[in-house]
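What follows is chain A paired twice: with chain B in the first complex and chain C in the second.
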Partner chain A sequence: MTAIIIENIKTKVSTTGKLEDLLISEFESTKNSLFGNIFLREQAMKSFYGQGIPNRKQEEYKYLNIDLHLKGEYTLKNNKTLASKQIEPLRILKDAFTIVVENGVFNTDLSTLTNLPEGLTICSLSEAYKKYPQIFEKHYAQYADINTDAFIALNTAMAKDGVFIHVKKNLAIANPIHIIHISKQDQNSIINPRNLIIVDANAQAKIIESYEIIDSTAKVFNNSLTEIVVEADAIVDHYKIQDEKSFGYLLSTSQVIQKKQSVFSTHTFTLSGSLVRNNLNVILDDEGIESNLNGLYLTNETQIIDNHTLVDHRKPKCNSNELYKGIIDGKSTATFNGKIFVRKDAQKTNAFQSNKNILLSDDGTINTKPQLEIYADDVKCSHGTSTGKLDEDKIFYLRARGLSETSAKKLLMHAFASEVVDTIKINELREYIEAKITIRFE
Partner chain B sequence: MANEILEEKINEEYKYGFVTDIEADNAPKGLNEDIIRFISKKKNEPEWMLENRLKALRYWLTLEEPSWAHVSYNKPNFQDIIYYSAPKPKKVLNSLDEVDPELLKTFEKLGISIEEQKRLSGVESRVAVDIIMDSVSVKTTFKEVLSEKGIIFCSFGEAVQEHPELIKKYMGTVVPFTDNYYAALNAAVFTDGSFCYIPKGVRCPMELSTYFRINSAGTGQFERTLIIADEDSYVSYLEGCTAPMRDENQLHAAVVELAAHKGAEIKYSTVQNWYPGDKNGLGGIFNFVTKRGICLGDNSKISWTQVETGSAITWKYPSVILKGDNSVGEFYSVAVTNNYQQADTGTKMMHLGKNTRSTIISKGISAGYSNNSYRGLVRIAKGASNARNFSQCDSLLMGDKCGAHTFPYIEIKDKTAIVEHEATTSKIGEDQLFYCKQRGIDNEKAIGLIVNGYCKEVLNKLPMEFAVEAQKLLAVSLEGSVG
Partner chain C sequence: MLIIKNLHASIGGKEILKGINLEVKAGEVHAIMGPNGSGKSTLSAVLAGRPDYEVTEGEVIFNGKNLLDLSPEDRAREGVFLAFQYPIEIPGVSNVNFLKTAINEIRAYKGLEQMEAKDFLAMLKEKQKLVELDVKLANRSVNEGFSGGEKKRNEIFQMAMLEPKLAILDETDSGLDIDALRVVANGVNKLKSKDNATIIITHYQRLLDYIIPDVVHILYDGQIVKSGPKELALELEERGYDFIKIPS
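After this line comes the complex of A and B, so read on.
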């Protein structure tokens, strides 16, 4: 049935030459070689086609004309060409289990997955589909709803591969798990990386996802999607480091579901990339949950950074804290859109959100849209946002003590960023980010 | 306990829900070019006005009804509305004695006794009232006193006849008919409204006021208000509205335009109390209003204050375009929703000039099954150096079946801008209630006290005459909303 519908869509539109059409024809020719449930994939493609690539008329993409940025010719072919030494500088954590995902495909040769503790499974999604069908079926594509966002639908339809991580009950993993998404392309390409992370009850894990592009000569659009399941009493510390330079066009969705009394903290650092859009959706699906969402974005030149967060309080007695900060320079545009959604049953909710921006240049733009949507009365919810320049009085204070104007400004920017950087709990990672920020402020 | 009190509140009657038995002169239902011509002819309008109306209608026909607001309702059938309804007999009225006694009774019920106003002339706190019933201005008081100062305060229809140059110059410059769906509709079908012009250097000696009333069944009210404050002048303008109780939804789509020249100040206050529908959400007014002011000259100021307690659906965003350097925009709002009311209201502050400042204080209170949203935009354009904005939006929830939402949009393109926004949502604090009760104040009164304190920042901005009314209205609207 679905196949017929897709067939119809295909014949109907094949003459218009839109990106959607390229994707649908690519899908038709490769769908039988992809892992997982083909019926789900067809559903997703249909949904993607129905929604189309979003434009500014859609409220959720009001400040991001992603349709225009994605115009052009693309290939969906991925080659494996990386050599081990190219990866070395990206292995930022010495004692981490490192997974290399090259152009959306799990690269076993470059990953360091020896000595995994008992109870920790790390493998490719296609492998997990075969080896652990029960747990795969239970969680895969169960949280990221294909009908809520066109890019979720696209990823669900076309993901070639990705990372599967499963931490068993009561297991606390000391070493961080580092997923390096690396792209290397000489033609405009679209990649749909996908991850599924399941942390069972009372387990603990630290997971880092970094996005890098090396030795490329063409535009790389990564439509990445990570689903994270945090079971009861589990503690998950999650990091995203986005540093894709000028060829990078990244749409990065995180779909998180939290169970009773779990703690989930996520930290998003956007350091570079032509276009970065983060969709971070956290569902607090039981009582006593804590969620922390932190973000830092430093923009320059003509970059566009758009952070969208949704904190969905479904049950009573949960706490959420959100802190996003940005420094905007050049002709760049930064957008923050954060929504706190408190459902009818979620009494005794505490939800706080803060967004602060510094605008350094004449041509930069900041858009912020913090939203509260609240249907329960016994709650404490607040959001605050402020935008301004560097404080003249503070600069004066520092200069009066002998600092040059530039170093005074640098110091203040460091201080501004440190509120977010200090939330990093892995020392090595914090030092890495600090070093990156220092270079940026030079 | 809480439920009982809620019930009590829910059963409360809308006290302005009477219908005045005045014969009305109605146009046939429906909307087409003939109706527009009919209205225009009724109003004895010049050709250019008719052209404007037709242009707006043709544009409106190309539009689709917007759906982005956080409200849901059955779309009005625009062919099922009477676009012109005037109380009959309509003749030129010179003194109150000539006014239809039924009409006078209406005003008395509304609590605005024109006779009282007359008697009070000469006393300092006076209010000049323009009364608009079913879209037609029926009486403007104190016109003569005002004209001595050169102030023009009359119905829109009169202004079209007597001051066409001013109407031509300003109408549609702040809210063009292309602005939005309801602005286009209004530009096509508006029947009357108020017009006010304050000449250079004049400080208007009294509060100017318009009272709107929808009376006839099946009608829509489409009025237009245009206020022009010339250089260094000042005016404070009040607006109030009520409607009878009916099972059907009636549409109110007004346009208000304010223009403040160099050094001028306009203060516009609204107490909106349209019929909100019954406790099951049946009937009530759809209040889809476009209000916008422009600070044309340097050092000018526009201030909006609103107390919104009525209407089934409120959809309005009084805005200020801060074009002149050093100009100031203010928005103070209290929005109360109960039963099945829905409100999506807020403001837009567009900073274009240098050193412009704006303040937004919004207080939302939701009870029953209602939804109350703040939606606001602060835009700092490139070159609007040293612009400053402060916004605060607080929501108070009463009961667990209602919703309170905040949707601020902030767009900044200038590095010297300082913009702050904060919002909170909570219920009345148990400790605050406890404190009051401990001192012998009962639950009801304690809530009243706390809510009044919560809204004080806004109520203080209302002119004296309205502050009392607004405070009473709040007390009535919220009595016993929480246990």
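After this line comes the complex of A and C, so read on.
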């Protein structure tokens, strides 16, 4: 009898045990095998444990009960089981340098990194830590602050590996660089992929990060973090394609720092995933900078898509433009929270933000919250948000010309999305996204 | 072609059409004139199937079919075309793409195969010329940023592409200068044949100098109160709408 009672208690403890405890015990047992500065990792773990997994009581996670979605048991093992042919459909750009990150770990065998131009370095973070210590130390974890967000802290503590990209001064790379983050899991798992991208002065690069899950039977909580450094006069065109289907629980942070007269454009396409939270933070740290933030999210069923952006104007004469659009269907929830700071020094700032949503169902939810904090007095800032159903007058006009109601609606949804899709500068990528959208609207 | 019998319709519970009777035969041009609020635009909206309007009584037979039973798209596919008084701007949808979709859905309804791309392009070219529509406008988003005149011309261009049996022009002349009016009228005249019919809804007589109607009807307070030859339009212009108020 006694034995049975003990068994029951054990089961109870393991199912109600806090995820934070699992993570810290895993951290303690693996920390000595991880790359980088162990002191930083310990600080980060301490910060994570102190902050805890956010819940709805925290302002930044008010619309996202991520703590509830993360309940359950997890493994932190990273198996390598992908076969080359499974990646083929995801190699969407013919001329790209492709990097495959499998379950958070750089997979050299599946990556195609031959004939890199002189001045372009692409390797794993653990390799970069050994081979390029100076530049690694200068930038790694210098921008994503472990004390501002629990997930930044968690990633900084536990990242097993990731991608290091360095484009040297004056080098303009014509071929896109495509990082395919791909997970394949048969147990609930947590991964913490990390990327560090440094584009030196007057250099140019196009970088695509795609997030995919294939051939899986369990959920993947992907806590990914990308730091991007855009030095003076550099031009960076950046894309995130998020298509993790129903097993995907993606927390995707981009921490960007821009220097004088640089141009950074980023485009986030959220096509699927049970839960997606994007934290996109762009710091405009000098004069004459241009930042473009575009986003499109198509939600359905019970999906939760939450986009948080921060544009931090710290110096004068910078321009930022932000356009986020969403089509919400089923019982899904979409959130847009766009913060713009214009600091006291940032005179002659132009900062524009727009968030537009189409609500297709009665059960969908949209939370939209523009937040402008302006401390300079000579600035041009505006924000606008709109949410509505598809325009009945437009539908009728198209039907009066012979289009069925369904094709009229499809045409209008395409038209709505096209404003964001048309900002894609890589033709092959634009066609890929258009095709994905067409399938979604079928 | 079109027989309207005792048509009553209302919007938001308010009756606008109070028993319209009208017959239009193939090859004819009918003009419907009337003051503001008489129900001219309601009539065109009801014929095209705009969802906000409720038909409370009467029937509309179009080539033997009960038009009011059909969805707006099926009415278009059967050959009814409404040139809108206020054409809608649809950013992001190209004119050409939209017309290609429309033509192919109409063809599918009739059991015909999709139109070949080269045939479509040839047709596009020919019809653009017919209504003197700038090639640039045809390739732009539907009506987006078009001037008033360009929008009206685009309506006639769409009509030319879709080749309807019955075209209803709802105040197509409003806001058009004399040159644009001539171009639009010219387009309509060229599209006229013994097999199709046109209903021109207008407030003023001027358009009727260019498109000569076979019959003119005067609509007042939801009913056709007077019908006559084209001279009726001139009389109306001269004497104003006041004279029709006297019960005849």
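Simple rule for what comes next: the second predicted complex is superposed on the first by the 426 of 442 C-alpha atoms of A that agree within 3 Å, B and C clash if a C-alpha of one lies under 4 Å from a C-alpha of the other, contacts with A are read in each partner's own complex, and residues count from 1 in each chain.
Please note the rule applied: a contact is a pair of C-beta atoms (placed from the backbone, for glycine too) under 8 Å apart; a residue touches a chain by one contact, two chains touch by 3 or more.
Note that the structure is predicted; figures quoted are calculated from it, not measured.
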Could you let me know whether more residues of chain A are touched by chain B or by chain C? B
So, does A:Asp362 touch the first partner chain B, the second partner chain C, both, or neither? first
So, A:Lys389: does it touch chain B (first), chain C (second), both, or neither? first
Touching partner for A:Phe39 - first (chain B), second (chain C), both, neither: neither
Touched partner set for A:Leu403, first chain B, second chain C, both or neither: second
Which of the two partners, first being chain B and second being chain C, lies in contact with A:Ile374: first, second, both, or neither? first
A:Gln347 in the overlay: touching chain B, chain C, both, or neither? Say first, second, both or neither. first
Taking the touch rule as given, give the residues of chain A at its contact with chain B in the complex, in rising order. 59, 344, 347, 357, 359-389
Chain A-touching residues of chain B, taken from the complex the two chains share: 68, 70, 382, 395, 397-427
Once bound in the complex, which stretches of chain C touch chain A? 48-51, 71-73, 75-77, 81-82, 84, 87-88, 90-93, 97-99, 101-103, 105-106, 109, 141, 158, 162
Sort out for me which residues of chain A touch chain C in the complex. 392-394, 396-405, 407, 411-412, 414-416, 418-419
